[in-house]
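Every chain is named by a letter (A, B and C) in the order it is written, and numbering of its residues begins at 1.
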Amino acid sequence: MDLGTDKGGVGSASSGAVLTGLSDPVSESSDGSVDRDGSVDDFEANVSKEEFHGAEGSIASGLTRAIEAILIVSSEPVTSKDVAAVLDLPEVAIIAEIGRIQRFYAGHDRGFRLDRIAGGYQIRTTEDTADVLERFLSERLAPRLSAAALEALAVVAYKQPVSRAMVTAIRGVNSDGVMKLLLSRGYLQVAGRDRGPGQAMMYVTSPLFLERLGLDSLADLEPLSDFVPSAEVLEAIEASLKDEE
Amino acid sequence: MDLGTDKGGVGSASSGAVLTGLSDPVSESSDGSVDRDGSVDDFEANVSKEEFHGAEGSIASGLTRAIEAILIVSSEPVTSKDVAAVLDLPEVAIIAEIGRIQRFYAGHDRGFRLDRIAGGYQIRTTEDTADVLERFLSERLAPRLSAAALEALAVVAYKQPVSRAMVTAIRGVNSDGVMKLLLSRGYLQVAGRDRGPGQAMMYVTSPLFLERLGLDSLADLEPLSDFVPSAEVLEAIEASLKDEE
Amino acid sequence: MAVTVDEAGFKGPIALLLDLITQQQIDLWSVSISNLIRDYLQKVQEIAQLDLEDASEFFMVASTLIGMKSHRLLPPGESDDEEEDELASERELLLLRLFEFKVFKDASDAIASRVHHSAMRVARRGTYPIELMNSLPDPLGDVEPSRLADLMKDLLSAQPRSIVDDSYLFTRRVDVELLRRRTIDELERVHSLDFTELVDWSSSRLEVCVAFLLMLEGFRLGILDLRQPELLGNLQVVWLGWISEQTKAELEALLQALS
């Protein structure tokens, strides 16, 4: 399978020829579905064509097949940059193609989706199949995390890098145990030592944390300001500690 | 997701409904793909979806999604019997549905197929993607094992049989990823489950590991004689054993 | 007023206070602080651990509450300004901590929901086609076996890391069968002795560990009795001198598992 590994780049004549050759059988298809030849210019046109045809009935191109094959053999999220390097195509072309693949599976409502997770792409099953999978894998899918562990996780997620002492200070209770647990479960990782006095070990969330939360990046977490208590709650707390009624 | 697997009275009713729907030839749409639903409840929803998409009928049913999800999370071939048991449906219904799924991916010429292998079914990449995958793998799996992978390998070599949690506890960092890598490279193999309370999966080194290291047997591993582990370590024994799930 | 203490993930006083205020809609002035403390201590006793920091944190919060409460009981004008300022700042501090905790508590609920929904969607567990794997250069090609031994030593001696592999220690460094015979011979001869005497002849800490495990196993099987009159004192080993066939079989199986 040659996807134009020619160093001259996608736009060059030779590479264009190769790509056309690749998708040749597809372009003959009678159903009018779109074939694509990987050149950047044509990608734009293809997007609109595909959108016109909808997700149905499209025959996959060589590029689609290549990207899908990579995603199928991988267990971890794969970045568009990695795929672009392997296929020797511009990343923008890969991203556009991945978008089409995403729409194909979503449009046909298959049992899986192509998600953007932790900066890469990963095939994940749809949520409605969860109980079937629990039976098939005979394991609970939802991880067991205590309220304490989740509190500590929230503190690290929003204040990272953070020391154990800081987590303890906010929670008002010793957090060494839960921090150890989160570390061993892979939610957290050590980010070196604080340069200040005491040189406390500092913790940050791990890439696995993003995977476990289904997030593309930390920026996708709701801002902490979303959790500022409502006026009523604030009043309730304040009133309960007030001297006078 | 209700596929009529409920063991109760209602379950038998919905299971009957599933079967009726499945064997109904009228619902088979012209392009050979089938819009079929696994449950009474979902059926209504799917009917309207089908109407919306007209004759295309290419929206996957609940049963399709369930089977696909199972195949997506399995790296080994899955038998139709296993799927039938999990979904509490007759095997013949599963086989028919799998046939439809196979035709769907082949018909759309995607980058993978649903192949019948070793008496089961497995999602496998198409042959024409082999050279792309080879490039992807050689870039992803650096020719040398990472320090992390070697460390994990050392732990398994000296402590086998050993669970992932144990490797994680000893290395002090989550080791699921490197364990997966070592397994996929064939240096490790599964040695069954721990008989202890957690029933953790236990891993040992493979014959390939010995071969590649030029060892006749594990007894030829360099002994750690005279080496006394650090004293702080002891307390964590129980902790890590408790962590195993 | 019952105090709930989350035994698995122990709740601190801040969480407790917040619970009291928000969920149970309680006016803190109606909370009996002595009851609160009594219930708290009882719970702590039940979970058999009292973390000093946690306890002091709890009493800090409780004393702030007491201070505020008692202050309210005084007629206005009786306390001096300094005392009042101090009390006000303590109250401010407690309020801030409650607010801050509430924010992270709600954030943790959102994270819990995300974790749950994400877990319902399982990632593809891919495998690399074995033909392709075989065509790649072998990454173990230039690894010497001694490298593994060095890594293992580093791991076992590293500070923040854990675990001594007992099974490995037994198989490689201690002749368990010999140890068992010596132990039993000695016990049969003298019937009762201190553990320290028993392991007098042990050449290494490992043998001591193995001997100790043998003692525990013997105790479990009813071959011998263990007594420790003083906390952290000498462990007395008493030979009971009787082994049933079943016990013997179990012991043999254990030994085989160890070696």
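Things to note:
Everything that follows uses one rule, which is that contacts are C-beta pairs under 8 Å (C-beta built on N, C-alpha and C of every residue); 3 or more make two chains touch, one makes a residue touch a chain.
Since this is a predicted model, take the numbers as computed values, not measurements.
Chain contacts here are complete: no pair of chains fails to touch.
Centroid distances from subunit B, each centroid being the mean of CA atoms, peak for C. Distance between chain centres (mean CA atoms), subunit A to subunit C: 34 Å. If each chain is reduced to the centroid of its CA atoms, subunit B and subunit C end up 33 Å from each other.
Each chain gets a centre from the mean of its Cα atoms; for subunit A and subunit B, those two points are 20 Å apart. For subunit A, residues that reach two or more other chains under the stated contact definition are 72-73, 75, 112, 123, 125-126, 130, 133, 137. The residues of subunit C that reach two or more other chains are 122-129, listed in rising order.
Of all residues in subunit C, those touching subunit B in their complex are 122-133, 135-143, 145-149, 151-153, 155-168, 172-173, 204-205. If you check the complex, the residues on subunit A that touch subunit C are 71-75, 112-113, 115, 117, 122-127, 130, 133, 137, 141-143, 145-151, 153-155, 157-158, 168, 170-174, 178, 211-215, 222, 224, 226-229, 233-234, 236-241, 243-244.
The touching residues of subunit C, when paired with subunit A in their complex, are 6, 8-15, 18, 20-22, 25-29, 51, 53-54, 57, 61, 68, 71-72, 91, 94-95, 97-112, 114-129. Contacts from subunit A toward subunit B in the complex involve residues 1-3, 26, 56-60, 62, 64-70, 72-73, 75-76, 82-83, 85-87, 104, 108-112, 123, 125-126, 128-133, 135-137, 180-181, 183-186, 189, 206, 208.
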